[in-house]
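Shared chain: chain A. Partners: chain B in the first complex, chain C in the second.
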Partner chain A sequence: MFKEQAQMKDKVRFSSSSSMLLPLVFIIVVIACAAVSPMFFTAENFRNIIVGSATFGILACGMTVVLVSGEIDLSVGSQIALTSVVMATLAPKSLTLAIIGSLFVSLCIGLINGILLTKTKMPSFVLTLSTMGIVRSLALVIANGQPVYGVPRSFANLSNAVVGNVPLVAYAMIVMYLLTWFFLKYTTLGRSIYAVGSNSESARLSGINVNRVKIATYAISGFVAGLAGLFYTSYVTLGLPDGAVDYETQAITAAIIGGTSFFGGEGKVFNTFLGLFIVGMVKNILNLMGVSPFVQPIAIGVLIIIAVGVRTRKS
Partner chain B sequence: MRKMSSVLLAIVLVLSVAAMGFAQKKPLIAFSQCTMNHPWRIAMTNDVVYWAEKLGVDLIWNDGEGDAAVQLTKVRDLLLQNPDALIISPFQATALDPVKQLCDEKGIPLVCIDRSIDSEPGTDMYISFIGKDNTKISKELGEFVAEYLNEINGEYKGNIVEIQEAVGSSATIERYNGFREAIEQHPDINIIATQSGHGYRVEGTKVMENYLERFPKGTIDIVYTHSDEMGLGALQAIKAAGRTELIGRLVTIDGQRAAIKTVVDGEHLGIADYAPYFGEAAIKSILDYLEGKPVEAVQMLDSNLYHMVTPEGKNFTENYYNRMLAEDLFY
Partner chain C sequence: MNKTSDVQKASRSPIPKFLAENSRLTVFLILLIVSTVLSKGIFLSPANIHNMLRQYAGIGIMAVGQTVVILLAGVDLAQGSMIALVSMVVAYLNVNGYGIVLPLIVGLLVGALGGLTSGMIITKGKVPPFIATLAVANICKGLATLITQSRPIYGLSKELLVFGRGTIGGIGIQVLVWVNVALLGIFILTRTVYGREVYAVGGNERTAHLSGINVQRIKLIGYAFSGICAALAGIMITSKMDMGGPYVNLNDNVQSIASVVIGGTSFAGGRGSVTGTVLGTLIIAMINNLMNLMLINPYIQQGIIGIIIITTVTLNQRRTVSK
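Right, the complex of A and B next:
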């Protein structure tokens, strides 16, 4: 069984020789976009791409960690909705309380995901599919199905703030990606996540507490979803219990275009970053060219097939 | 010298051609639709596209994918192309309110259709909100029902059963209250039952089946449903139960083609339309604004009443239905 899995993994292992492929694709996309539309290479457009991709980008950071551990977290989109509702509900009392409270809630949901996963041994796809619905319902129940007003202007302005002509959220993303990179590469827990993801049995034999690692992974995912939720709330200026639907798929898309393996053990957070902006730029250029919204998902689908297909074939 | 003058001539020629091209440049209008997951929304977009072509403007549009954040991002993409005006049907009033600020900064006139944003229309670049008034539409439908009952019974008297839209939505509340405003003028006309069918056809059938069991033949005069979909469901229940006395006693709101057809066929009494047609008013308002003419800050569009009771009504409804067929309109 494990042998079979290991073989399977070998087949789809993304070869290291493709490490230059992604930056190359990134550059090609930039050049192609610039050639197609004169509006692409403007400061304002870059700002739009960055701000428009920010929620997905923050989520994709956490998603990469989860995917590296060999699991998946489908509940993060719903967690954004819940975070935004909690944030908007608490904000009129105290902004600090609202920020801490909503991050705490999402951290708890991550922990619950992790504990349920290790206790029940359910496939994470099935488990987080259920929590996705439960968390979404929680958001709708708390908000009574209605948008929650009460996000102060000062907080709402954060998503649009610029420092030296660069959106504030861009710095925040860079810091997040650097932290995640450092965490995965240089901390014991980070390296354990790779070990558990590539082969949990041998990780266990080498003395790693697999369950604890998995719980920590989901806690990170939950916390990061909370951060994404805070940005989302600032961007839409209110709590939206029915918002951020399908955001988990956007985060997964960024991660897998960036070469994160679906079978765990492999993935680089900087490549996720490139994947995120490849998708962001393709979407942006299609909008600038006025391509019908019905056709746009085809482009993204083809992009995934090419990006992942090339790598799997190579190895 | 000769060479120089010919160069000059060429430059003048090029410039004048360019100037002509400039003078004939059509206005560019951007349209942001909040979602395309419902036939009503698709019909709305098609209508904007149709009127853009008919009124000679260039149109770019995109779809907010049913998410306020996505719509806001996509509005920014539209504004980057420096359109002469922006039309938006916002997904949510507060979340899309920053659009006004973006338009103010860039000096791009903004028109909201169907739904508004938090800002007051008529301030800064937010030139107009164009919508339809559910209360007024349902009140007109109520008045039509009262007149009809007077005609068939010789007095303003009768019993009505009602099937409501999704509970709590603003449309439901307005369609509930507006209809009553008209009916309550006549003490002998009573709404004897009201229940929610959540907007769906199947639910409409179920609620109507209950009503038919509760109220025997002769105790119901009119069936009022808040939407065509539920009305068509109710009609199905009426036919299945063999309650032929209720055929042609249904009134609904919306005006989709399948329902208009039942009016033409005589199975449906009347429809107050809430068709998603805002394109003409929106683009004409923008063109007026660009020419420096005044534009009304709030425009509530008139609604048509489709019925076969009077010769004029019959004529109007049949003509409209034929146009729907000819142009393949869903609404």
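Right, the complex of A and C next:
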């Protein structure tokens, strides 16, 4: 009861304070970065930031959906590794088959996550921590622990392809975020995810099939991880069974800096987008200023504390 | 339906009932028998068991601290990075002529401080434990690499190597440290006021608060204890490896949480024990040891641990649901 009340209060605070705060912080960061380094406001640099954040960015779409439903998915980093292995293994036979196959595999893993979650009633942290290990093992066994060569050059080139001076992946990300935004805001399933996340009991009483919504949420998360995995494969030009470690926390970081509530029911994918680029720009400006790369995690850690702390304490 | 009939079936005779009620112990015993049979007895040799215990002492020590935090309905994701930070701090001070006492004290203080920081962010900043400890993990990781720009530190003094390599009465010192930390954990949780307050806060924070427990203080001490345990594990690992390593092994943190969860401590807080956690660590250790003995592909180890977590937690929940 106490927890629920606290959550309700937090939700009120979230919605009243964060609507304008985050865009403002975003603009301040942009101005500050531009003031600090003349190299910041160049097309080349923006391209670096976008391509560098793309995998996390795609992943963060799915993570936002899962967090809104009140759960978490720690297995997405391993799913990226598995996708890249499946992709690289199948690609020599047929590129189309490889793409469809790897997306199918990640969709299935998402479904399995969802089904296990609803059947076993385990906390999602524990369940996805377990499937994180299982999926990673699967990737390692299929690839026998070695990088898989065989990604065709045409596919590898996609990650740095440019259309009209803008990286192709930027368009892809915009489409992803628009789709997720539309899905969460205007579809029945999307609205149900908010309902389940804010109070699953009242969602159930109002006729929502909570289990089906949760399974669908994880299926989406899996599918999105597959898409992120395809981009990752193109970016590293290999199937890497031990790659993409800890990517899930990067995606979670973008979502929570964007103000997605950890208790579910609250979060906007547009804000995740802002969160993603606030992190991307902070890392970038530290690089441009010649600060040791080892300072980056410290900066991100402090950023998380400030972002979440300020938001929850504001009353 | 199945759930109740399972328990009813089991309750007819005392031994199956006991095993059904102690699913961890059952898993442990089954593993023990399977390991012994499959390895043709090698598993039970004192040398093998001693090796296994030495290998998992670090994880075991971390897991004791993690138990307290999870009992408080939290989680500590900073332990893995804390190991790296403490390892670097201790090695740096030791190599630069500060002997071994000062580095050890500073190392433990760093652990306590890191844990207190997590605790402060959680209690004062009202930040969820996952996020707070994730942030602290980032900060520790950064600090660990900053000390030497991510280069390991070699050339530790001989006295420091005692913890990882020395023995007392034939038993590795790190194993003895693990045993003592576990006993301390059991003592704190079952025999002290603080321990009872941990269960109260984890079970229901509001009730605990209303009955006059200082919830913030309980949480601060809990996270500090978890940090100190991680620091101790870091010292053991540094001593065993004979170097200060700035690299964060994410798997350490996962195994620490896995030990607690396999050990039957509820992630919702308030239910569980250090005894269970020790069994949890031993189960993980046995699985990995058996796979090494059987020359089974090491790639599947993480997966097997995942399957064990899902199985034991599900069994555990069935039991509580059917009660």
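Here is the rule we go by: the second predicted complex is superposed on the first by the 300 of 315 C-alpha atoms of A that agree within 3 Å, B and C clash if a C-alpha of one lies under 4 Å from a C-alpha of the other, contacts with A are read in each partner's own complex, and residues count from 1 in each chain.
Note that in this section contacts are C-beta pairs under 8 Å (C-beta built on N, C-alpha and C of every residue); 3 or more make two chains touch, one makes a residue touch a chain.
Fair warning: this is a prediction, and the values are worked out from it, not measured in the lab.
Once the two complexes are laid over each other on the shared chain, residue contacts for A:Y171 go to neither chain B nor chain C.
Once the two complexes are laid over each other on the shared chain, residue contacts for A:G309 go to chain C alone; chain B is not touched.
After overlaying the two complexes on the shared chain, residue contacts for A:T42 are found with chain B alone; chain C is out of touch.
Counting the residues of chain A touched by each of chain B and chain C gives the higher count for C. Once the two complexes are overlaid on the shared chain, A:L238 sits against chain B while remaining clear of chain C.
By the touch criterion stated above, A:N287 is placed in contact with chain B alone, chain C being left untouched. By the touch criterion stated above, A:I298 is placed in contact with chain C alone, chain B being left untouched.
By the touch criterion defined above, A:T131 reaches chain C but does not reach chain B.
Of the two partner chains placed by the overlay, only chain C lies in contact with A:K121; chain B stays clear of it. Of the two partner chains placed around the shared chain by superposition, chain B is the only one that A:Y149 touches, whereas chain C remains out of contact. Across the two superposed structures, the residue set of chain A contacted by chain B and also by chain C is 145, 245, 294. Taken together, the chain A residues at the contact with chain C in this complex read 1-3, 10, 72, 116, 120-123, 125-127, 129-138, 140-141, 144-145, 241, 245-246, 249, 252-253, 256, 262-263, 292, 294-302, 304-305, 308-309, 312-313.
Residue ranges of chain A in contact with chain B, taken from their complex: 39, 42, 44-45, 48, 51-52, 55, 145, 147, 149, 160, 232, 235-238, 240, 243-245, 284, 287-288, 290, 293-294.
The touching residues of chain C, counted against chain A in their complex, run 75, 121, 125-128, 130-132, 134-139, 141-143, 145-146, 149-150, 204-206, 250, 254, 257-258, 261, 267-268, 297, 299-307, 309-310, 313-314, 317.
Chain B makes touch with chain A in their complex at residues 36, 60-63, 65-69, 72-74, 76-78, 80-81, 92, 94-95, 97-98, 168.
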